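The data blocks that follow each hold one structure.
Same chain, two partners: chain A is paired with chain B first, then with chain C.
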Partner chain A sequence: MQIFIQTFIGGVSLGAIYALVALGFSLVYRTMGLVNFSHGNVVMIGAYIASTFYLSAKLPFALAMVIALGVTGLIGAIIERVLRPLENKDFDLMLIGTIGFGIVLEALAILIWGATGHAVRSPVPAAPLDIAGIKIRTYDLVVLAIATAATLLLMLFLQRSKRGAAMQAVAMDHEAATAVGIHVGRSNAIAFMLGAALAALAGGLVGPLLYVNPTMGGTLGIKGFAGAILGGFGSIPGAIVGGIAIGVLDSFAAGHFQGYSELVTFVVFTVIIMIRPTGVFGERTVNRA
Partner chain B sequence: MRYRIGAIAALAIAAWLLPYQLDAYSMHVVDVMLIFALLAVGLGLAMGIAGQINLAQVAFFGVAAYGTAILTTREGFGFWTAAVIAIVIAAAFGLVIGLPALRMQSHYLGIVTLGLALAFTNWVTNAEMTGGAEGISAIPAPILPVVDLSNEYLFYYLELIVFAVALAFGLFVVHTPLGRRMRAMRDDDLAAGAVGVEVPMLRMTAFLLASVYGGLAGVLYAGLIRYVAPETFSIANMFFLLAMVIIGGRQSLIGCVVGAVGLTLVRELLADYPTYAQIAYGSVVVLIVVFAPTGLAGIPARAAVAARRVGLLPSRSAGTPPSLRPFQPYEPVTAETSGRGPILQVDGVDMSFRGLKALQRVSLTVEPGEIRGIVGPNGSGKTTLFNVVSGLYKPTAGRVRINGRDMTAARSFRLAQAGIARTFQNLRLFKQLTVRENILVALDQTRTHHAWRYALWPIGIWRHDNALRTEAGEILGRFGLDDFGDSLPGALPYGIQRRAEIARAMARRPILLLLDEPAAGLNGDEVRQLSQIVRSIRSSGVTVVIIEHNMGLVMSLCEQITVFASGAVIAEGVPADVARSPKVIEAYLGDSAMSHDVPEATPTEVVP
Partner chain C sequence: MSPSVRSRLAIVGIAAVLALVGCSTPGSDTGSGGKNTTGPIKIALVDAQSGQLSSLGAWELKGARLAVDEWNKAGGINGRQIQLDVFDDQGDPTVGTNMARKISSEGYIAMLGTAESAVTIAMAPILQQAKIPNITSGQSPGLVAQKSPFLFLNGPTSTTYDETLAKYIVDTKGIKSIAMITNNGSFGKGEHDAFLKALQARSVTPVADQVVTTDQKEFSAALTAIRQKNPAVIFLGAEEVESGLIVKQARDLGIKAIFAGAAPQGTPVFRDTAGAAAVEGTLVSTPYLSNDLNDMTRKFAAAYQSAFGEEAELHGAKAYDGAQVLLKALKASNVATGKELADAIRATKHDGLLGSFAFDETGVGIFATVIGTITNGKLVPVS
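Coming up: the complex of A and B.
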């Protein structure tokens, strides 16, 4: 039972990071109908920037994080601007375009930081908390707290601010939004920047948990994406639930199947998504003719 | 044509003589290049032709390569036996990976196939059977009498032959019924279903083709390198392969080959700077999708268009300008209609979309040989009824019978096979197929499983295709579309597209034709021609149901009119009676006064 709870908590903590990745995916998807396949690589870039400033420049972890958020936000804006001619036209091509960006980002990371990765020490004391015999890493709590705060801020932004409301409007109907004077391109750019910033947040947080290397984006991105789909693509609560579910699934799969955990995670994900393609919170889309 | 044969012969000779010019290392590069070209053709078939995002191509490759390795080194099979079994395993694996395509498309399919490809790499890196991260070495070379295939120069000829046959087969598929259906499904899967294309079967066929090509490549790889390890089948290589297909032009198999050859050479040239090579091909992919979505293969056509615009090439319209010819009426048949039951019977159908009741207890009976008009304000459920009858929606309650057979909630291709054809309110022609090909897709009444003949009796396919082409020519002639057969629909005026869509529906030889606002956007003359066409279609023995806002057309054309309001039938009868019914006047005629030119449909009826 103790092992079960410990595995579960470890899964939730990893899942919170997947949830942040999933949030970025969902935010971009609901605003512009685009799946950003380079999202995972943006996570990786975020992880590198945060860890470099934290380890090499000896900046405080929080400040390193802010720099990472800013840089990746800029990368997001560039990706959006380049692919803007395809928006609302050909989603498959846009998807491939983002894969192209992912390839470039990965190569850039190798150029700058080299092909081997580096480990990041935890910014908080390593001694785990002991609650009724269950050991919890303090860093897991930090991750959970930051992820929760980021989610709340995002929800607040989308629901309370004027810019957020405009983005919601674009998500529902980009033509109608244009008609009432919303700059759709700008709204998309903001969605993309926010998405990239969320990716960097996830990347910065995952650094001390995993080993930071140029190919870490692939798996993280795909698992975050799987979380977004599992929860219902485009839904904010769905992204959180889905991301955490993938994290927990991952953590139990790692416990039971060791090396084969990825295989198990993806097969289980595929089966679930076959049974319910719209995810947990997803809307049933209707074919119109 | 003569030039083409000459070019192919020249290429074949050049390919045959190539090894004499190469040193051992270059030979190796060319051998690997051919394997990638084979993979790219398979990926092009699935992605470019059938529109199925397949990011697991590299896993098909891996399954066959590992299959051959395991069967030869662990089980003691000979190379050729192992190769055949490995390709069969790869094909089976392809069908499994393809299963999700039945339920999801586009980016969902992309992520699921990518995830499963990762799962495969995860398995080979961990399993004992596959040798873990070290992989399997010492795979025996394939043995042929006389030819020593452990020699890379001679192995090249084996590859060349396999590649040439595979490419020729791929091109044959693309230009015959199976490939046409796939392209139709790629352009518009709803409309493809409505002309009888078995979309689920066809998606699986696309994955089957992709995996067989992947399997062939895998077997050749195992025979050439005689060593397999996980990194060959990594996601990075998957994206490299994807870049080949996108840069070359995914909708052209030749383009895919050009992409594979080009990228392999560029990677070889930049072998000392792999990271810069990666940046280069990633950037080119981005540039291609934004500026030249058809890839390198599409550049000649685009250049020709540009050259015509600036006057470097003579414009194509020398001679008489193309024109829409008059419709040639069908031979009237005096069908025996008495004693047959109704052709369409809709019985108490409900359709609701999460609380919105689009149809409420709708009942409707159409007798054979009738022209039935369906009118009603926008959003009253007319198109929803068509969508239920043609199988796009499953009704929440009620039954639909076609010719007495209960066809409630049958898939749209089943209904098309049962004799229902339809047109769409917002034109759904297959955009990247010519008008002739649009008609050819509809004409072909064979089922998908007939595709076995591609493997065993291609001559039969070829004959079948020729017969279809003759028939398509006749239909184009009947509808006066001779001049437009080889144009893409998007380039044609609206009225001609409307007529082409009716021609496509009639190519199904239906018993029941559903026309959804066929007069929308037509001018007065075109409406008169439409009226003549519909009458002739009826006199050829086809029952017609027509949704229309043009009351003049409906009143003159239809014997019976059904009036919809708020998802329910509020009146039915001969035009004169219906027009006088107080309920109808109140619901429809009253507020928009014989709406002669109701401009456009409301967004709720518009196809995305």
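Coming up: the complex of A and C.
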């Protein structure tokens, strides 16, 4: 029982990070119908910026995070601006374009920070909580709280603000949205910026849990993407549920199948997707460029 | 694929075919030695410069670069400068085999690297066929099993590391309650098998034997299972970052046991990933205990520090020694190539940072490690 609960907690802690990554994937997808393959690399850039300002410039962790969010948001806007001429013209080229941006970002990180990477000390040095032998890291609680807050803010923005409503409209029918005077390009840019900022949030938060290096985006990107698909691609609550589910699934697979855990995680994932292709919360498939 | 890339590939392909044809011509062995007696001596360094194993590749490059620069500053070999060119294998065996063909077609006479046994094993048959001697930083027993007369190791194999470690833990300290956590990559698998064999030879069965994947980030399940067995020592068989994450998470879970391992556990990356307090007391089996061993290591560490602005560690020292052995052999053989150079490397006796190199027919030159322990964040000899 102790192993079960501890494994579950471990899974939720990394699952919260996957959820944030999934959220970024889903936000861009629901707005543009585009999978941003450079998303994992944006996570990595976010982690680097946050950790560099935190460690080298000795800024408070929260401030370093804010800077990272801003800079990556800008990167998101640049990616969208470069890809904009292809919008509604060549979907495949846009996809390949995002892959290209991913490679460029990784190369940039190696140029700026080197290939070796660095460890980030935890901004919350308090000892783990001990509840009847179950250990809960205080930092994990911080991560969970921030992830929850980010999700709530995002939903509030999409449902309550005018700009958010415009983005919803573009997601539903971009031609009709254009007809009523909504600037589709701007809406896409905001989706990309918010997506990138969410990636930076995930990256900055995961830094002290893992190790920051130029290739860290690979695994986080794939797991986050799987989380987004599992929850229903394009769905905001789906991304949260899917991300945490992938984290927990991964954690249990590691416990039971050891060296084969990766294989088992993705076999289970495939089976779930075969039974329910639209994911847990998915009702429809967005299909446009 | 763009036309220019395709044509470039075609050129490389044709060059490779030509090189193979060249190799099979009788007498080309001696001919190639005479053909290139002027101009720089071309040595290839193949290592991961990108990807997850790039820290190993970066250290290795620094160590080798330092040795080559020293020789070049002293006038090179027979008046010829040494040209060290870097190839990125991305830690990927498939890329590695392409690199092996590339360096053979481009006329490199020797290769340094790689730091990843799986990549070196993949490259070995091609290098053997092309008669290019290779000094690797890998330590898997699988390298020796290649039985290539052109493959040399710049350090001990896992068998040596783990035998020394098991001897200290079980024989010297009398500890029998040992858990293992290793990954399923080529390095982790080699460590797992070598340490388990060393334990079995002492009739010790590990209380837990957990295997993780090389990409895993979350170890709650494996560590909680280990925690329930309450071992005195936990053996780590994973690369630097993963080992660091395991130790960090183990301490968060309240595991107080001592960790023990080989080369990766002696690196700053391991220490920084886990946090200095978490790794305190970790036992490390290493052929290069510290930069403060003797005058030679102090000189090396100072040169490394001034050249690259960072603290030298085992992998850089190994690569430095490997490069020194190669350069000594080149000098002794009057810049021979192919089989002659391989024989010269095998005959080279070198007092290096890791100890005295004397190669046997398996290509291993160093057969001893010592046990150190991490005290106040630094690796010191066990008392």
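The rule we apply is simple: the second predicted complex is superposed on the first by the 276 of 289 C-alpha atoms of A that agree within 3 Å, B and C clash if a C-alpha of one lies under 4 Å from a C-alpha of the other, contacts with A are read in each partner's own complex, and residues count from 1 in each chain.
The rule is short, and it goes like this: a residue touches a chain if its C-beta (ideal position, glycine included) is under 8 Å from a C-beta of that chain, and two chains touch if they have at least 3 such contacts.
Since this is a predicted model, take the numbers as computed values, not measurements.
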### Task
Following the overlay on chain A, give me a clash-or-fit verdict for chain B and chain C.
clash
### Query
With the two structures laid over each other on chain A, which partner does A:181 touch: chain B (first), chain C (second), both, or neither?
neither
### Message
Tell me the contact category for A:116 with respect to chain B and chain C: first, second, both or neither.
### Response
second
### Query
Which holds for A:82: it touches chain B only (first), chain C only (second), both, or neither?
first
### Task
Classify the contacts of A:7 with the two partner chains as first (chain B alone), second (chain C alone), both, or neither.
second
### Task
Would you mind checking which one, chain B or chain C, touches more residues on chain A?
B
### Task
Could you say whether A:226 touches chain B, chain C, both of them, or neither, answering first, second, both or neither?
first
### Query
Now for A:106: first (chain B), second (chain C), both, or neither, which partner does it touch?
both
### Query
A:266 contacts which: chain B (first), chain C (second), both, neither?
first
### Task
Using the superposition described at the top, list the residues of chain A that contact chain B and also contact chain C.
106, 110, 215, 219, 258-259, 261-262
### Message
Using the touch definition from the top, list the residues of chain C that touch chain A in their complex.
### Response
49-52, 54-55, 57-58, 183-184, 210-213, 215-222, 224-225, 228, 241, 244-245, 249, 252-254, 269, 272-273, 275
## Note on the structure
The residues of chain A that touch chain C in their complex are 2-3, 6-7, 9-11, 13-14, 106, 110, 114-119, 121, 128, 130, 135, 137, 209-211, 213-215, 219, 247, 250-252, 254-256, 258-259, 261-262
### Message
Touching residues of chain B toward chain A in the complex: what are they?
### Response
51, 53, 99-100, 103-104, 106-108, 110-112, 114-116, 118-119, 122-123, 125-126, 190, 194, 235-236, 239, 242-243, 246, 275-276, 278-279, 281-286, 289-290, 293, 353-354, 383, 386-387, 390, 392-393, 424-425, 428, 605-608
### Summary
So, in the complex, the side of chain A touching chain B is made of residues 35, 37, 82-83, 85-86, 90-97, 99-104, 106-108, 110-111, 215, 218-219, 222, 225-226, 229, 233, 258-263, 266-267, 269-270, 273-274, 277, 284, 286-289
